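So that you can tell them apart, the chains are marked A, B, C, D and E in the order they are listed, and the count of residues begins at 1 in each.
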Amino acid sequence: GCGDGRAPAKPGSGAAPVPPEAPALRPVRLQLNWMPEPEFGGIYAAKQDGLFARAGLDVEIIAGSAGTPTAQMTASGQVEFGIVGGDQVLTLREKGGDLVGLFAIFHTSPMGVMVRADAPWKSLQDLWASDATVAMETGLPFVRYLNQKYPGARVKLVPTGTGLAAFEQGIVQAQQCFISAEPVQMELKGIPVRVFSLADGGYDPYTVTVATSAAFLAKDREACAAFVRALREGWRRYLAEPAKYNPAIAKLNPGMTVAAMDVAAAKQHDLVAPPGTGANEVGMMERARWQTLARQLQELGTIKAAPAVIDDVFWNAP
Amino acid sequence: MPDAITVSGVRRAFDDGTVALDGTTLSVERGSVAVLVGPSGCGKTTLLRILAGLDAPDAGTASVAPVAGEGAARVSIAFQEPRLLPWRSALRNVALPLELARAAKADRDDRARAMLSLVGLGGAERKLPGQLSGGMRMRVAIARALVTRPQVLLLDEPFGALDEITRHQLDDLVLRLRAELGMTVVLVTHAITEAAYMGDRVFVMAPSPGRVVRAFEPGFGMRDAALRASPRFAAVVADLMQSLAGAMLAVPAGGVRA
Amino acid sequence: MSRTAASSRLRTALAAAVPPCAVLVACVCAWQAAVWVFRPGEYLLPSPIQVAQEAWDSRATLARAAWLTGLSAAGGFAIAACTGVLAGSVLAASRFLMRGLYPIATLLQMVPLVAIAPLLVVWCGYGWRTSVASAAIVSVFPVLASTLDGMRGTDRGLVELFGTLRAGRVQRWWKLELPWAIPSIVTGLRVAAGLSVIGAIVGEFVGAFAGNASPVGIVILSALREHRTELVFAAVLTAAVVGFVLFGLVSALGWVALRRWHASVG
Amino acid sequence: MSRTAASSRLRTALAAAVPPCAVLVACVCAWQAAVWVFRPGEYLLPSPIQVAQEAWDSRATLARAAWLTGLSAAGGFAIAACTGVLAGSVLAASRFLMRGLYPIATLLQMVPLVAIAPLLVVWCGYGWRTSVASAAIVSVFPVLASTLDGMRGTDRGLVELFGTLRAGRVQRWWKLELPWAIPSIVTGLRVAAGLSVIGAIVGEFVGAFAGNASPVGIVILSALREHRTELVFAAVLTAAVVGFVLFGLVSALGWVALRRWHASVG
Amino acid sequence: MPDAITVSGVRRAFDDGTVALDGTTLSVERGSVAVLVGPSGCGKTTLLRILAGLDAPDAGTASVAPVAGEGAARVSIAFQEPRLLPWRSALRNVALPLELARAAKADRDDRARAMLSLVGLGGAERKLPGQLSGGMRMRVAIARALVTRPQVLLLDEPFGALDEITRHQLDDLVLRLRAELGMTVVLVTHAITEAAYMGDRVFVMAPSPGRVVRAFEPGFGMRDAALRASPRFAAVVADLMQSLAGAMLAVPAGGVRA
C-alpha cells in the first residue's frame, strides 16, 4: 500500500518515480485524526503520485482513531504534522502547546446538525427551543456556541457514541454530522434528512486543519512550505479525479467501501473548494476567519484571551 | 443377632498402583463393637471410608444393613483428622449434624452442649477450632459423631491424640452409648490395650495388600477398671501384640509393593 | 475498659490510614517534581497544584458528577455482586454448567462497550440505566470467577463430611461452600468495586445526558475536547474518590465477614 | 497401553468441548430466533447468518485484525502477569507496603483510558505500543489482587514450619507462598486474559496506526461509523475468539501448574 | 552436664482469657530426653511452641542454650499435625530442610531417602501427602525433623497415630540418634509406657492453668525389649499413671476457668 514505510516511492505507485541519484528523502510524519477517508483524499493523492517525494519528503501517514490526541502529539513533537480542529489550535496554545495552522482542508466547515426530513423544526433556533434529544460531542465549542446563541435551551444533549443507530431508531431526534458523511448514509438507507449547516449559522472555523508546532516551523520553514505545496497539488488532483485515488484509500479503511467514498468525495467537493477557488487557493487560510474564531471562542469562554498576534496562529506557505 | 456390616472379598487399588485392600472379608454383628488393628498404611482408613460410602471397592462387596430410624442418623463417622469448620465455635460444630437434619435450634444446642461436656469440653463451647488444642479438636469431632445418636458408628483412631485417662473415659462413653442405643461400632485403634478392652471382636490386618489375617474374640462381658488390671486382660493384650507383630512380618499376598 | 478499647480501636484505624496517606503524599510530590523538572506542558500533564485549583473552582460540578456516577457505579456493582455470586455458585455446582457457561461468561467481558452501545441505549434508554447496566456488565466477571474459584477450592475433607451428614445441596452451599469462599469472593468484589466505576463512566461516554448535572463521564469528555487537562485530571481524581469509597465499603464489609474466619485460621 | 491412554485423553478433551459447544449453539439459535421474532432492525441487531456472511466476506481483514490485536493483548497480558505477580508478592510481604500501595494500585483500574490517552500516546508513541500499554494497565489489577489474596491465605502452620527451618524471605516466597497461591493466581490470570483483549481494543480507540494495519478496535470504529452493524458484530466476535485463545492458553498453563496440586489436595 | 533448656516461671495467656501456662518451671540437661505428659489441653503444645520460638511467654523466661554447629540445624520440631507441603512428594518434603539450608541436591536426596527408610517408608518416596495414610504422613514429618541431625529435637505427640510396633521402632530410632548426636530431646506423649521408656526425666503437667506438678526420673540406663517386660518398668508405669490421674483432679491454681 501507499501508506507504509519510509522507502522511496515504489515503482508503479505514482506518476513520477524518484531518480536513484536524488538526495535522501527527509522523513516526516503526518498524524490523521481519523481513519483514511475522503476528507484526507488530497493527502493520499499526494503520496500516491509521489508529490511528497518530489518535494524531498518521505511522509509517513499515520491513521488515527476516535480518541487519538493528534493536537498534543503534534504540539509535543511526536509527529511533525497533525490534523487538528481550528479551535484546537487556539485552545491548545493557551495551555502551552503552540500549534500553527498550515493548511485548511475544508474552506467551509462541514459541521452540521441533521434531523429527519419530516421533523417539525425549521431552524436550529426551533430545534434548540424544543425538548428534543440531540446527539452532540459536548465540549466542542460549537455546542457552547449554540447554547449561547439560543439561550433558555431545553434540548437534551447526549453523546454520539451509538453512531447512527439511536437516530435511526428515533431515540435521538437530531444528530451532529459532517455534511458530507452521515446524511449520505441516511439517504442511502432511504431515510430522508435535512441538515442545518453550522457555517450558515455563523460558526465557521477551519474544522479540519493540517498543523505543525511553532518550533518545527521555526526550525524548518522550507520543509513546511514544501509539504504544503505538495499537499495543495495533491488536493487539486484529488478534487479533479477522486475515483482514481479512492480504491487505494478504501484498502486502508476496513469499514468503508469505495462506493461510499465516491459519494462522500462528491459531497465534500464544494466545501473544500467552493466554486471559484483558484488552483493555488486550496487550503489557504484567511486572517479574518482566524480572528473571528478567536473572538467567538473568547466570547464563549473557551479561551481567556485572543492571541496577541493572530499571524502566529497560522501560516500560509507561499 | 444378624450382621449389621458385611464385607466380602473387597479389593481397592488406587490410581498409582497401590493396592490398599485385597480380599478383605469380615462381618460385624448388630450392636457389637468391632476393632480394627494393623500396621500404619494397611488399609484401615480405606476400609472405613468404603463402609461410610465415601469410596467404592473395585471388587467384592461391602454393605451396611439398613436399620430403622431417621436416615441422617443412621451412620456416623469420626475421621482420622478433626475436620471442623474453622469459622464455627466448638458448640456449633457439634450441633452441625442436627442443624443439617433441621432439628429445632434450642434442642440442638442443648444436645450439643450435653455431648460436649460428656467428652470433657464443658467450658470450651464458644472456642473456635483454632483456639483449641489438638486433643480438644479431636474430642469436638467425636462429640459431633455421637450427637446424632447414630445406629452405626465408625471411629478412625479418634483417641490417638488423647491422654490415657481421657481416653479411658471416652472408651467407656462409647460402650455406654452402645448399650443405650444398640449401636454397632467399628473402631480403628493403634492402642492394643484399647483394642482388647473395647472389642467384642478384634480384626488384625496386614499390609501389602491390606487384608484381615486374624479375627479374635477377647470375650470380656463387663468392662471396668478392674478388668484392665486383671491377668486375663494382660494375656489378651500379649496375644494381640503377638498377632500384630506377625502381621507386620506377613508375606505380602500378591501385593504389588512393600 | 470499653473506653480504652474504643480509643485503641481509633488508634488502630489511624495507624492503618498512615501508610496510604504517606504513599499518596509521596506520589503527589513526585508528580509535582516531575512537572518542574520535565516541563511537559500544561496541555499534557498539569501540576498537582493546578489540578487542585481547578478541582476547587469546579467543586460544585465535580461533587454533582461524583454523586451521579457513584450512584450508577454502586447500582451496577450491587447487580454484579448478586449476579456474580449466584452465577458463580450455580456454575460451581455443576461440571457441565461450568464447562458450558464459563466460557460464555468470559465473552461478556470481552465485548467492547462501544460495540454494544446502540443495543444498550435502545434497551435502557439514555440516562442512569445505561451506566448502571454498563457498570454491571464490566464488573460481573471478576465476582463470578472468584466465587467459582473459591467454591471449587472447598476443602475436600469437609465436603466429604457434609456428604456423610447427608446435607442437601443448598445446605452444603450455604453452610460450607459460601463461607469457605468468602475470602476469595471479597477479593473479587474488591476488583469489581473499582471496575464498576470505570464501567459507569464508559457507560456515560455513550449514554448519559449532558447538561447542568453531568456525571463524571460527560465532564471528562467535555473537558478533554476543550483541552482543559486540569479538569480532566480533577474529574479522574473524582472518579477515583468514588471508587475508593466503594472499595472501602466493600473492604469494610469483607473485614467484618472475614473477622471470625481469620480469628480461626490465623 | 500408552495408545489407550492417548486415545482416552483425546476422548476426555472432546467430552470437555461438548458443553461449551452445546451452549454456544443454543445461544446462536436463541439469537436467530430473537431476530426473527422481534425484527429489531439490521442496524441494531443483525442475525447470526448475516454476521457469519459478513465475517466470511471480510475474513482477510478480520484475520489480520485478530492477529494485530492478539499480539497487543498477549503483550499487555504478559506484562500484566509478570508485574501483577511480582507486585502482589511484594505487597503480600509487607503490611506497610500493602496498606500504602494497594489503594494506589486500585486507582490504576479506575482511570478511564481516554482521559490519559494523550499522556499514553505521547509516552508510548504511535502503533502497537499504546495498545500493549493499555492492555497491561487494564489487566494488571486482577492479577495483583489475586496474587496478594492467594499469598496472604498461605496456611499459617506451613509459614511457621518455614520459620522454624529458618527459610529466607525469598525461599519462603518461592517454595511456599507462590505454589500455595497458584490456584488463586490462575483465576486472576484468567480474568486478566479476557480484560487484556478489551484493554488492547480500547487502546486502539485512542491510538494511531501507520500503514495498513487495522486492528480489531479500528475495524469496530470504522464499521460503526459506516453503520455496518454486521461487521461490528463480526469484529466483536473476532475479539472474543482472540480472547478465548488467550484464555485457553492461560487455562491450559494453569491446568498444568495445578495438576500436581489437585492430585494432592483432591 | 549443663542444662540445654531452662524454663522458669513461664506464663502464657491467650486473648480470649485462657491461661494456657502459668508458673511453669523445668530444665533439661544437654543430651537427655525430657518427656511431657499431661491431660489434653494442659499447655504442652504451647510450651513446645515457646521453646521453638513460635510463641513468646507473657511472663517468665524460656531459653534453649546455644550450641555449636550450623544455625539451621540447631533446633528441630515435629508438630502435632504433619504440616507437609501438599504438592511435594514424601521424599521432597523430607528434603525440604536441607534444600532450605542449600545442601547439594544429590546429598540431600540421599539423606532424605535414608531417613525415610529409617521411619519405615522405604517404598513411598514418590507419593504425595494426599496419597499417604495418616500414620505415614506423621512419619514423613518425623523424618523431616530428623534429617537435619538437629542438636535439640522437639516432638509433639508424633507417634500417636502409629501402631505400637512401629512406635517402638521409632522410639528406639530417636534414642539411637540421641546417642549418636548428643541430641537433647523434648517429647510430648500420651502413652504412659512410652513416657516411662523414653524419659530420662518425665514432667507431669496439670491443666488450668498449665504447670508442672511432678518431675520424675525413671532411672533406666539401657532401654530394650526386655526392659518393657520387666516388673521395674510396670511399677514405673503404674506410678506415672497415678500421677497423671492426680494431675487431672488437681485443684486449679489460680486458673480463670476449667
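Just so it is clear, contacts are C-beta pairs under 8 Å (C-beta built on N, C-alpha and C of every residue); 3 or more make two chains touch, one makes a residue touch a chain.
Fair warning: this is a prediction, and the values are worked out from it, not measured in the lab.
*Asks:* Which chains are in contact with both chain C and chain E?
*Replies:* Of all the chains present, those in contact with both chain C and chain E are B, D.
*Asks:* Which chains make contact with chain A and with chain E at once?
*Replies:* Under the touch definition, chain A and chain E have D as mutual neighbours.
*Asks:* Measuring centre to centre with CA averages, how many angstrom lie between chain A and chain B?
*Replies:* Roughly 85 Å separates the two chain centres.
*Asks:* Compute the distance, rounded to whole Å, between the mean C-alpha positions of chain B and chain C.
*Replies:* Taking the mean C-alpha position of each chain, the two centres sit 50 Å apart.
*Asks:* Per the centroid of Cα atoms for each chain, what is the distance between chain B and chain E, given in Å?
*Replies:* 26
*Asks:* State, to the nearest whole Å, the distance from the C-alpha centre of chain A to the C-alpha centre of chain D.
*Replies:* About 37 Å, centre to centre.
*Asks:* Residues of chain B that touch two or more other chains: which are they?
*Replies:* Residues 81, 131.
*Asks:* Quick check on chain D: which residues sit in contact with 2+ other chains?
*Replies:* 43-44, 114, 118, 122, 205, 217, 221, 224, 229, 265-266
*Asks:* For chain A, give me the residues that contact two or more of the other chains.
*Replies:* Counting only residues that touch two or more other chains, chain A contributes 67, 72, 76, 163, 165, 169.
*Asks:* I'd like to see which chains touch which, written out pair by pair.
*Replies:* A-C, A-D, B-C, B-E, C-D, D-E
*Asks:* Over in the complex, which chain E residues touch chain B? Could you list them?
*Replies:* Chain E residues touching chain B: 14, 16, 18, 37-41, 44-45, 80-81, 120, 122-123, 127, 131-136, 139, 156-157, 160-167, 190-192, 241, 244-245, 248, 257-258.
*Asks:* With touch defined as at the start, can you tell me which chain B residues reach chain C in the complex?
*Replies:* For this pair, the touching residues of chain B are 52-54, 71-72, 75-77, 79, 81, 83, 85-87, 96-97, 99-101, 128-131.
*Asks:* State the interface residues of chain A toward chain D in the complex, per the touch definition above.
*Replies:* Going by the criterion above, the answer is residues 1, 3-5, 31-32, 35, 60-70, 72-73, 76, 78-79, 163-165, 168-169, 181, 185, 189, 251-257, 260.
*Asks:* Would you pull the chain C residues touching chain D in the complex into a rising list?
*Replies:* 16, 18-20, 22-24, 27, 40, 43-45, 96-97, 99-104, 106-107, 109-112, 114-116, 118-119, 122, 141-142, 145-146, 148-149, 153, 156, 183-184, 187, 190-191, 193-195, 197-198, 201-202, 205, 217, 220-221, 224, 229, 232-233, 235-236, 239-240, 243-244, 247, 265-266
*Asks:* Please give the residue numbers of chain C that touch chain A in the complex, ascending.
*Replies:* Residues 40-44, 114, 117-118, 121-122, 125-126, 204-211, 214, 218, 221-227, 229.
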